[in-house]
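Let me begin by handing over the structure; questions about it come next.
Chains: A, B, C and D, in written order; residue numbering restarts at 1 for each.
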Amino acid sequence: MMIVTMRPGAAVSEIGAVIRTCQAQDLIAVPSHGAHRTVIGVVTADRSTDLSDVADLPGVEQVSPVSASFKLVGREFREEPTVVDAGGVRIGGEEFVVMAGPCSVETPDQIEACARQVAACGGRILRGGAYKPRTSPYSFQGLGEEGLELLARAGARHGLPTITEVMHPDLVATVAARADILQIGARNVQNYALLEAVGRARKPVMLKRGLMTTIEELLLAAEYILAGGNRQVILCERGIRTFETSTRNTLDVTAVPVIKAQSHLPVILDPSHAAGLREFVPALARAALAAGADGIMIETHPDPARALSDGRQSLDFDTFAAMMDELRPIGEAMRRPLAPAEPLEEETA
Amino acid sequence: MMIVTMRPGAAVSEIGAVIRTCQAQDLIAVPSHGAHRTVIGVVTADRSTDLSDVADLPGVEQVSPVSASFKLVGREFREEPTVVDAGGVRIGGEEFVVMAGPCSVETPDQIEACARQVAACGGRILRGGAYKPRTSPYSFQGLGEEGLELLARAGARHGLPTITEVMHPDLVATVAARADILQIGARNVQNYALLEAVGRARKPVMLKRGLMTTIEELLLAAEYILAGGNRQVILCERGIRTFETSTRNTLDVTAVPVIKAQSHLPVILDPSHAAGLREFVPALARAALAAGADGIMIETHPDPARALSDGRQSLDFDTFAAMMDELRPIGEAMRRPLAPAEPLEEETA
Amino acid sequence: MMIVTMRPGAAVSEIGAVIRTCQAQDLIAVPSHGAHRTVIGVVTADRSTDLSDVADLPGVEQVSPVSASFKLVGREFREEPTVVDAGGVRIGGEEFVVMAGPCSVETPDQIEACARQVAACGGRILRGGAYKPRTSPYSFQGLGEEGLELLARAGARHGLPTITEVMHPDLVATVAARADILQIGARNVQNYALLEAVGRARKPVMLKRGLMTTIEELLLAAEYILAGGNRQVILCERGIRTFETSTRNTLDVTAVPVIKAQSHLPVILDPSHAAGLREFVPALARAALAAGADGIMIETHPDPARALSDGRQSLDFDTFAAMMDELRPIGEAMRRPLAPAEPLEEETA
Amino acid sequence: MMIVTMRPGAAVSEIGAVIRTCQAQDLIAVPSHGAHRTVIGVVTADRSTDLSDVADLPGVEQVSPVSASFKLVGREFREEPTVVDAGGVRIGGEEFVVMAGPCSVETPDQIEACARQVAACGGRILRGGAYKPRTSPYSFQGLGEEGLELLARAGARHGLPTITEVMHPDLVATVAARADILQIGARNVQNYALLEAVGRARKPVMLKRGLMTTIEELLLAAEYILAGGNRQVILCERGIRTFETSTRNTLDVTAVPVIKAQSHLPVILDPSHAAGLREFVPALARAALAAGADGIMIETHPDPARALSDGRQSLDFDTFAAMMDELRPIGEAMRRPLAPAEPLEEETA
């Protein structure tokens, strides 16, 4: 890939001329409009591609190869942070965004209760699994389309955009029609057929790091999605596999500043899957905020002991509310405010 | 899942009656015919399923729940080793089976040269990638269908069944039509959409352990394939990710006796991907044989320095031949003979 | 080990009687005086020791075995947090304590400059290595006793108690005579000869977790020190070894709540060694504070590029000052205040 | 460090002149006499040391810096394999050497029974712990000097040199007086005080790799011993810590060819500690032999279920004998013969 850097103040027509010239050579050209200037990433088949005709076009300042192994996800291509708009919620901006909800959508009442409480506490996105990747073929696999529908309705009732996992390329369209963010799970982080499919979708994608995926591999997996045309990508660290067995996985909180140094994409942490034990989730949520993450994803359940999946790591409603209260002043100290809580008015109704 | 153990010598009609009784309750019943008796695995929706009517049928000795988390892949379900027949080569039997060939099929000459040399040295299966999973979207992705065709023809010319990777559920039929073994790569070991697709195929499947996959998770991933109806499954350990950086990955040779203790499926080791450096491959190949593996998979290339992928870990032809000569006496000591070498007659023709 | 729980309000004479009764049987008895009651840990040779005579003494409420594998370090033995007093600085109390200074004491000017700046920024403990454990025998090994002396003087001039590493049992007395906290390095976390030696010392000990040490093993290593008679122990997580290579090690921030749940000992994080790269240290320091750690240890240097060891991970003075400014409001949000900064008055003098 | 390469056939007096010239500059000079020529390693304080006067001496072919981070342990310094002589048994030569015996010396009868059986099966070195490093201070810590004495006597009665662990620098002389090989345990691999102490001993040392020690770190730890003057060092891989939990640790069999490529020191594998489960030990022992290790270390016990330590991984006598019978033909295939079995004559006496 080559980077074509336009001069500050280059005209739209000059930018268009560069893109058309590239396309005439069957090259993909992706513009990135920064505050001061526009750069255009040109995906070239090999290193010998000659772009000297582009270098001579009006408004072009420089044509240079990208040095990092990742291109479109890198800071070289785009210096300013990407802000993903998911149903009106901005992820990667000033606000620290809390996504929460149950591991699996189980019943209409369960997802409704979760949505109501998430919204009341200042959560902004509703999560809930409809298609569940399970290690064993004999475990509960989710409600499928019915789960999608229940999730969408509960989110709509409480003003919460939704996120849910998609596991099969053939289901991307179905999920994209009902949810606001498509989640790629940790097991599928290098499932290239699936990455290509969501790369063609028109909805934001949240890509979870695998249990043993290096940060470089995660960025390269995201590159598949951006190279496919979808630039609304959020990265999510959810714990890596180490020798330590006192928690389910080990939250790699350092991934936040490391990714921020290399990429413009927003980064979310998932303390629930990392810890695997609810009692450690609030401390990790606070650490995520203080480390500079753009948000967190938290599993909640009205009755964790009876959850069909991941009950051991789900917060009950009181613990979730207390955690949100702890986060708020840290968010202010960090200048990353959380949405205010809106206490439920008619708890007894 | 429940196990219905038939008495030794139970009649085929008795076995059939058990299966029909289960099916009448919408339960899946899978028979396993051992040397002494038949057992029938019954996949039940939950633990409360009542099989007391089955327990009373003629020829039934016992009905018991399976204790391990994996069912059809476990020794409880089938005590005798599974022998997979791949185009006439038996994997999991007495013979130590060597699969070899290039990482990627690159040209007709390259795959022909590999096939010829693999056969001459006593290799039994020809490997070659047509669809390549690559960490970066900008790396060489394989020749696709043309690669499948070249691989099949080279194998046929030299009497070698073939193995190649399939990455997308939609391509399973295409690959199954040309190759003798469908390979599921390490990155897709928990890609359940793909596991279900090859579970419906009629060709043997080799499932590679992921870099981050525990042995229990590998067996559960195989369970998806067997539960889908395909019992011709080979497991492959190819190195796990550890802190050690002097090799690409760390070959977990202990996986061989551990899997053998728990499962009846054949186990193959892949020293090439584990080491990532060709100079260490022969030592690991010998260790695999001595540890009790059913075979190995080795990357070879006529000119490793010019390989389009994985050149650093591919053996040149002389090294491969020398390695095979080292393995043969160990195979005899282990009573796991290799196929004899058939020296090329007309090297100069 | 057994726990003898005294009734609330038990008399000192009753407590003394329990201890003497145990000692008469050659058992070690260690009292822990809590806010509400006293418990006495009795180290028994085996599980069959009969303490029925103790159970009948006046003031004794209950005699029960300790269930966890660690005894004196556990919450069962002592519910309230241990506060370690190091030269007047309380670690494990309300204040979030920052220890800082160079990896190695190099020259009088260097350690003086560090001490002055650490104190000015609100740091409370001065670190500096005099005996350096180095992976290679040919690397700089520290100034030895001269380094101890320089460290002690610089600390005294700026009102900072000091911490430095001791590597050899024979040097414990020498180091204890000059430093306020004895540090056991990560490589020596299971060096039992050394743990026993510092167990007999009269100075606080900071025990660093090894790269390969589970939390349970760390607590058991601390148990050696407490069992030796020294209860002034601080634990320090400094990054564990994982597959990720973009940082030197992986900070296990979850260790903070996990240890707090199991042990009463204070916990410090060391972002410098965990990250190995200075640009990521401030984010990890903030995460440590937010996760509930009792303090952090940070490497600083007046000229990191010329440091004799660990320069890549040392903060220059401006970055350290900026980090302290970031921490302060988070400390207030967490009700874990840092000491105030005392700006240098005569910078130009 | 610098390498002074002498011409083939250089006179002893010329070699001596080089060493004396170095010593006159307070430099340590260590000769290595190869089959064809002598090289002299010169440990220099820093890179600027001027050896131009040495380069001009008669018989000197070349003076060059060592490029690898390890010097005396490296192949650059000594190309031919080091053969360690331990009480008459040669480790690193043609023979594949089996060390075996109990984890801990427990009673006179127990160690006598082990020694007798080890010798009868063709084992060559008797192992047995007298000072035991235990994770918990409350576990059995070994018989101490009495254990040393029992081990030495049992070995002597059956013609077996002995190996036992030393944990404290102050005990090196005591252990060296009774045992033929000093073992440094995995927890002490970077305990530099101890490495320096055994570096001054006159007995061979077996250095075990730590659970999370890279191969490079292991070689650098060995460098401490060689730099201290003791060149009789054996390296031992005993399993590394990974995410896999079905075995105690993961045997890194690849360490054998990797170390052999970089160092001239002999390499032993310890399948017992790696697997932690006796049923997997024989397969790993065979893999060790086939991979090119110079020997193995195996835990045996007359009654593993009653062992005071590590019973779960100790082989009973019949399993050990069967394992030795399996190894022998593989040793022949590898041209690494084992010592012959000498069946016990008077089993009933």
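Convention: contacts are C-beta pairs under 8 Å (C-beta built on N, C-alpha and C of every residue); 3 or more make two chains touch, one makes a residue touch a chain.
What you see is a predicted model; the values in this text were computed from it and never measured.
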For this session: Any chance you could check whether C-D or A-C wins on number of contacting C-beta pairs?
Result: A-C
Exercise. Based on the averaged CA atom positions, which chain is farthest from chain B?
Worked result: C
Seminar exercise, completed: Taking each chain's mean CA coordinate, chain A and chain C are separated, in whole Å, by 38
For this session: Pull out every residue in chain D that's touching 2 or more other chains.
Result: 211-212, 241-243, 245
Exercise. Which word fits the touch map of the chains here: line, ring, star, complete or other?
Worked result: complete
Exercise. Hey, which residues of chain A end up touching chain C in the complex?
Worked result: 212, 214-216, 240, 242-247, 250-254, 256-258, 261, 274-275, 279-280, 283-284, 286-292, 329-330, 332-334
For this session: Mind listing the chain B positions that touch chain C in their complex?
Result: 241-243, 245
Problem set entry | Touching residues on chain B, where the partner in the complex is chain A | 1, 43, 69-71, 133-138, 167-170, 187-188, 190-194, 210-212, 217, 220-221, 223-224, 227, 241
